[in-house]
Amino acid sequence: MNVTTMTHISSPHSERRQRLFAIMQARGAIVVVILATLAAGGIFPNFLHAQNLADLLTASSFLGLVTLGQTFVIILGGFDLSVGSMVGLGTVLAAYAAPYGAAIAFATPLVAGLLVGLLNGLLIVKARMAPFIVTLAALLALKGLAIVLAGESLIIAQPGVFGHIANGTILGIGNLIVIFAAVCGLAAIVLNRTSFGSWVFAIGGNEEAARMLGVPVDRTKIVTYILSGGMAGLSGALLAAHLSSGLSSAGTGYELQSIAAAVIGGVLLTGGVGTVLGAASGVVLLGMIENIINQIGSLSAAFQGLTSGIFLLLAVLVQSGLTRQRRTAS
Amino acid sequence: MQLHVHHVAKSFGAVAALRDVSLELNAGEVLGLLGENGAGKSTLIKILTGLDTHDAGDIRLDGRLVRFANPRQAQENGIAAVYQEINLIPERSVAENLFLNRAPKRARYFIDRKAMLRDARTLLGRYGLSIDPGRTLRTLGLGTQQLISIIRVVSLGARVVILDEPTSALSGNEVELLYGIVRKLREEGIGIIYVSHRLSECYALCDRMTVLRDGVMAVTAPTRDLPRAKLVAAMLGRELAADEHAETGISVSTSAPQDAALTVRGLSWRGRVVDVSLTVGRGEIVGLAGLLGSGRTETMKAIYGASPPDRGQVAVRGHTLPHSTPASSLGSGLTFLSEDRRSEGIFPHLSLSENLSASMLSRIARWGVISRKSQNEMVDRYLLRLGIKSSGSGAPIESLSGGNQQKVLIGRALSTEPSIVMLDDPTRGIDVGAKAEIHRTIRELAAQGLGVLVTSSELPELVELTDRIVLLDEGHVIGEMTTSGHTAEDILAKIAHGQNARASEAVMVPEKETT
Amino acid sequence: AQSTSSGAQNGVGSQATCVNPHPQHESLSGMLVGFSQSENEQNPFRAAETASVKEAAKAAGVSRLLYTNANDSQAKQVADIQSMIAQGAKAIIVAPLNATGLQPALEQAASRHIPVVTIDRATAGTPCQHFISFLGSDFVKQGQRAAQAMADATGGKAKIVEIQGAYGNSVETQRTDGFATGLKKHAGLTLLAAQTGNWSATDAQRVMEQLLLAHPDVNALYTHADVMALGAIRAIQQSGRQPGHDVRIVSIDGTRAIVEMIAKGQVQADIETNPRFGPKAFDALKAWFNGEKVPQTITMTDALYTKANAAEALKSGAPY
Amino acid sequence: MTGPNRRMTLRLSAIRAASVYVALGLLIVFDLVFTPGFRNPFVVRSLLFEASPIVLIALGEALAIGTRGIDLSVGSVMALSSAVIGCTLGWGQTSGMALGIVAGLACGLFNGFLISVFRIAPMISSLALLVATRGLAQAMLGGARIDLPFDGVLAGIGQTTLLGFPIVAFVAIIAALCFAFLVRRTLPGRFAIFVGASSQAAMLAGIPVRTTFMFVYGLSGILAGIAGVFATARLGAADANYIGVQFELDTIAAAVIGGTPLSGGKVSVPGTIAGVLLLTILDATFIMNNVNANFAQILKAAFIIGALYLQRGRA
């Protein structure tokens, strides 16, 4: 049988194309972000001002943190619709806790988020209920709870250190931007460099196989939902610090926006594929859309919805084009 | 190290998958586990690896009573399996798949990528595979994926390794690689349970064999005390009639091709099918042969329109297909059975009846409304014709054994009353009895004047089933031969020759085509 | 430690004023001015408010009015204001979304000495530092006036249902509280049920319909907004009752549609929420730039429309 | 497994499969006993007026879910349909209604086109449409609402009852019957289920996958268009801001509670209707008992979880 000792595997050429498209897909959102930045800078002279860019990133950081958690959940093959309401509840809890010091003001919403994530995770894993519905119910319940606790809003009279954590700067860069960047880095490490990260990918790629390969599927799922809840809680804490208030309506719509941002960033809704950098650039891209609408400065609210819907569609079209290129290149 | 299975039973609702099964496995032994489709082999393995739990009986490892809650526990106790269907993570790299759960770490928590790639390369090399461990698994062929899956299990340091139809996706050289691995493990004192429908493999590898029939252990004996006829009789519960001897039978030569049923001219698809031309006559059975990844599957898919060809023409009975999609091909009398049953064949969660009738619904529909009566009649006809064993046509497809699922899919392909059938490895994972039935069906189809294009991962099977074989290499047709009077070895030699010829031609006259 | 009282409150401190410490006597004409709207112009009130600001901007001759809309997101409103500052706005008018939560934006404006006028809803901040003036209606008082109007329309005896704005909104709270206070003066007025209509005609219609089934003896309705009154009136009609007769109706907003119904006798009273902030807001800015005194709180005068003045008001075009 | 034991399991699984009906029955009994005014026959009328448009979009939603997709745009498409009616009032109400439905169809087909040709995940394409379509509707009406005249076809649709039942309910029932037939007995319906069970296998089995997607989302669009007409007629005004807000989430919840799993390959028409009725009656229960809306929301969430818990493992 010596004649059959060569195994044919696809050519190096298609291999290179494959890699290229994989990179473009993961970095596609960043490429679009850069192009859009240059274009916007050309059209709107104020866009490229350092202050405007800093404001843009600061404003994006809240959705950004939520999106990171959501990214883990989507890669795992699920959804978390409760994140938006959790942000709102998080700001309210932070406002209640603020008088007891910055540490408690941060810890309370964070712990609440972790608990909500735990509850979601348990219902999904142990009771085997669909993530979409479990987290949808959580969306309703948490929003109701936030309003019951706070009404419309609570002011944090003396934000002090708590407020400074959100609104101060390090070396001229806003703390929120620094925190967001740091959490991105951390998330990337967890996703790519730890067993937990590889389990998340494995479960999203093929849950049954992952189970057979000995991945602790249930535990990983629960932890991932906990993570997502925690990120939403953290985002709520920071938002409360930023605005010096607890707002029951904060975070409304984040559930779908975070999914959109992740998908624009190349995270596949089918699970198993995605990067932190991509998701983060997806968030920035969404932030840019709002910022550019503001730069236009006279678009009526009715047209704003239309415009951002079309922008969103374009971004997704480009992204899905890249995905298909990658598939066919393989 | 010794594994004892003692009077184990397991039911799924009303179906008793295992009724009374006992077996034992010693260190350094290869035990063949055989049986018809649905005999309960996979079920037993799932129980041994903690994917399912038994209802009765007990399992002992070194005399210690065990019952695993999940595969991880089984793994920790030294039992690991490679399943019939490949179970890896397609979107991740080869190295990650190999080292999932046990990657080398730096600073305790962080995966050391470099070390992981290095270890993966070493591991693959040890078993004779030279693949870049950084490649995404999805980009490798099914056979290679299966090998990686085996290597992973082996490298986990299991003391009992279960291989459930490991060769069903392998061809030629890979089977050799696998034999090498199995023998090496035996030398290392590892116990192996080897499940296969390929009797010759079992005779080549196994020390002892255990046969299951309808969830009961029928026979256990050393290989040398179990001649083929006796083994087959134990599996089927009866003697196999002379013309059913699939693996040894001699093909009855069918009528010579009068007019072409299928004509393919200059078909190309993305560099993986290159300028393929072939014909299949009416009443002719043509085999597509080639090594793993030679492009058999893609050629069939390009003909079928599932991978829309970039160039070339396909004609059925002289009638050129305008633009091909699976739907239009079916309409023109061309049908195709995929090799990948799980992800391209069955409709999970739906019933046997739905699965069987999917392709022909539009034929029995009037104004878009489906006639229940014709649907049921049609389904019953094929259940009978193909001898499909199930608890009824309303049974969920997943409750059928792999082999019976395959028969349902063949029924689906035939239900459109095609004039050309393309079957990509139709007997993969199918027991001897059913295999003979499928062979007989294929011959009947040919006798009725249909053209058949077929592949198989077993070259001998292809040789004895077909009238003519078209040889493929890297998507090129490199030759053609009639099969009567030839053996599998002849064909391998011809493929090797064709490869060499193509390689040298490519150097000298690049644009010249090979036939 | 938390309360919404640190900001300027309606009707409180209306004597206090702010004065620009370093007046440059800049002229509004040719100036870049920003206007941050809080939610989309879904209800006529927002539409009228935006229109009024835009008109007044034109009248003042500003070079350009930057317009943003926070679309119900507090974080976006902060970003909106910041982006207007970055674009070089020299003065900003804000219709705050919430009673609090604009601090970072207001801080930024203050640090660049950009005067901010808040309209419609008060938001937390230090007067003169974070904003130079607040213009708005007194929502508690609106609730009280609604209760009085209800007493007048029913002769002091009625079984009332209340359809409230979206929960978690301070306007809703204040209109609820004001009405409750007002009711205390009239023993004959009983409140049978209060449910939210989410500022939406669709929701109000459904809620009203189901409340009418649960409480067939209802004979008066108080809604927090005219859009919801419109929905509820549909429900009343479809239940076979006659609005204005079988069920007496008092609402808040002062939109044209409801005032027309008052004229026809289908609605008893409507308390106006005056949306014409534009001229007063620009007056305040002009005074600030000139170094004149600007009142910290300017309470808008809200009309009360009843059968007596509806026809006349319609002729004058006051309802929006 | 022993005999009685198995029978137990069977009975349990039967209860599970029927959990939505059980929950609905229990809720109605509760309401009849405790909720003031619920015994009034007009309650039926009111609830059916409320539920009919939601039933329509939930049917489309269930089919989309059956193909393993999702349609988040339904609520916004209702608003668009309403806006179209508002803009075309001058041409007569009947043509306005027709155009509204056509607008729904156009949105649905566009969505199907994005999904089948550009292979965009349904969740994302319909999310983009959710944002864009409502924006378009608002832009068309300039943010205002347009009152309809108190007579005419639309007013008739919004108010007329037959034997005490609203005619919209008859339309919804007929639509549901057609839909059940469509799903069980017709090619497009079966094709949708096949695509949901495995799109790859469906393609190879010769099922026109793209056409099926266009059909499913087009149908969902039409149904949302009709629902928009109903909602407009009921409200007596074209309103781009409030019609259909958040309906997408409610209908998805209704479909899933009704036994249509999000993993595709199965559609339960009666279950979907029961799911819609369940959520509609639940909302009415809270209002009629004057439960504070915030607590109501928390209770509703608990109720959804409870209903789903009974049939766990199926979605």
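Just so it is clear, A, B, C and D label the chains in written order, and each chain counts residues from 1 on its own.
Operating definition for what follows: a residue touches a chain if its C-beta (ideal position, glycine included) is under 8 Å from a C-beta of that chain, and two chains touch if they have at least 3 such contacts.
These numbers were taken from a predicted model, which means no experiment stands behind them.
Averaging Cα atoms per chain gives one point for each, and the point farthest from that of chain D is the centre of B.
Chain pair with the larger contact count among A-C and C-D is A-C, by C-beta pairs in contact. Rounded to whole angstrom, the centroid-to-centroid distance between chain C and chain D, based on C-alpha atoms, equals 35 Å.
One inter-chain figure worth recording: chain A and chain B are separated by 42 Å, centre to centre, where each centre is the mean of the chain's CA atoms.
If each chain is reduced to the centroid of its CA atoms, chain B and chain D end up 44 Å from each other. For chain C, the set of residues touching two or more other chains reads 40-41, 167-168. Annotation for chain B: no residues touch 2 or more other chains.
Residues of chain D in contact with two or more other chains: 138, 143, 293-294. Inter-chain contacts occur between A-B, A-C, A-D, B-D, C-D.
Note for the complex: chain B touches chain A at residues 49, 51, 70-72, 75, 81, 83, 86-92, 96-97, 100-101, 103, 109-111, 113, 129, 131, 135-136, 138-141, 144, 152, 172-174, 176, 270-272, 291-294, 473-474, 492-493, 495-496, 499.
On chain D, the positions that touch chain A within their shared complex are 72, 114, 118-121, 123-125, 127-136, 138-139, 141-143, 240, 249, 252-253, 256-257, 261-262, 293-298, 300-302, 304-305, 308-309, 312-313, 315. Chain A contributes residues 46, 49, 51-52, 55-56, 58-59, 62, 95-96, 98-99, 146-147, 150-159, 167, 239, 242-250, 252-253, 290-291, 294-295, 297-302, 304-305 to its touches with chain C in the complex. Chain D contributes residues 1, 6, 185-188, 190, 193-194, 197-198, 200-208, 263, 265-266 to its touches with chain B in the complex. Those residues of chain D that touch chain C in the shared complex are 35-38, 40, 42-43, 46, 49-50, 138, 143-145, 147, 159, 231, 234-237, 239, 241-243, 245, 283-284, 287-290, 292-294.
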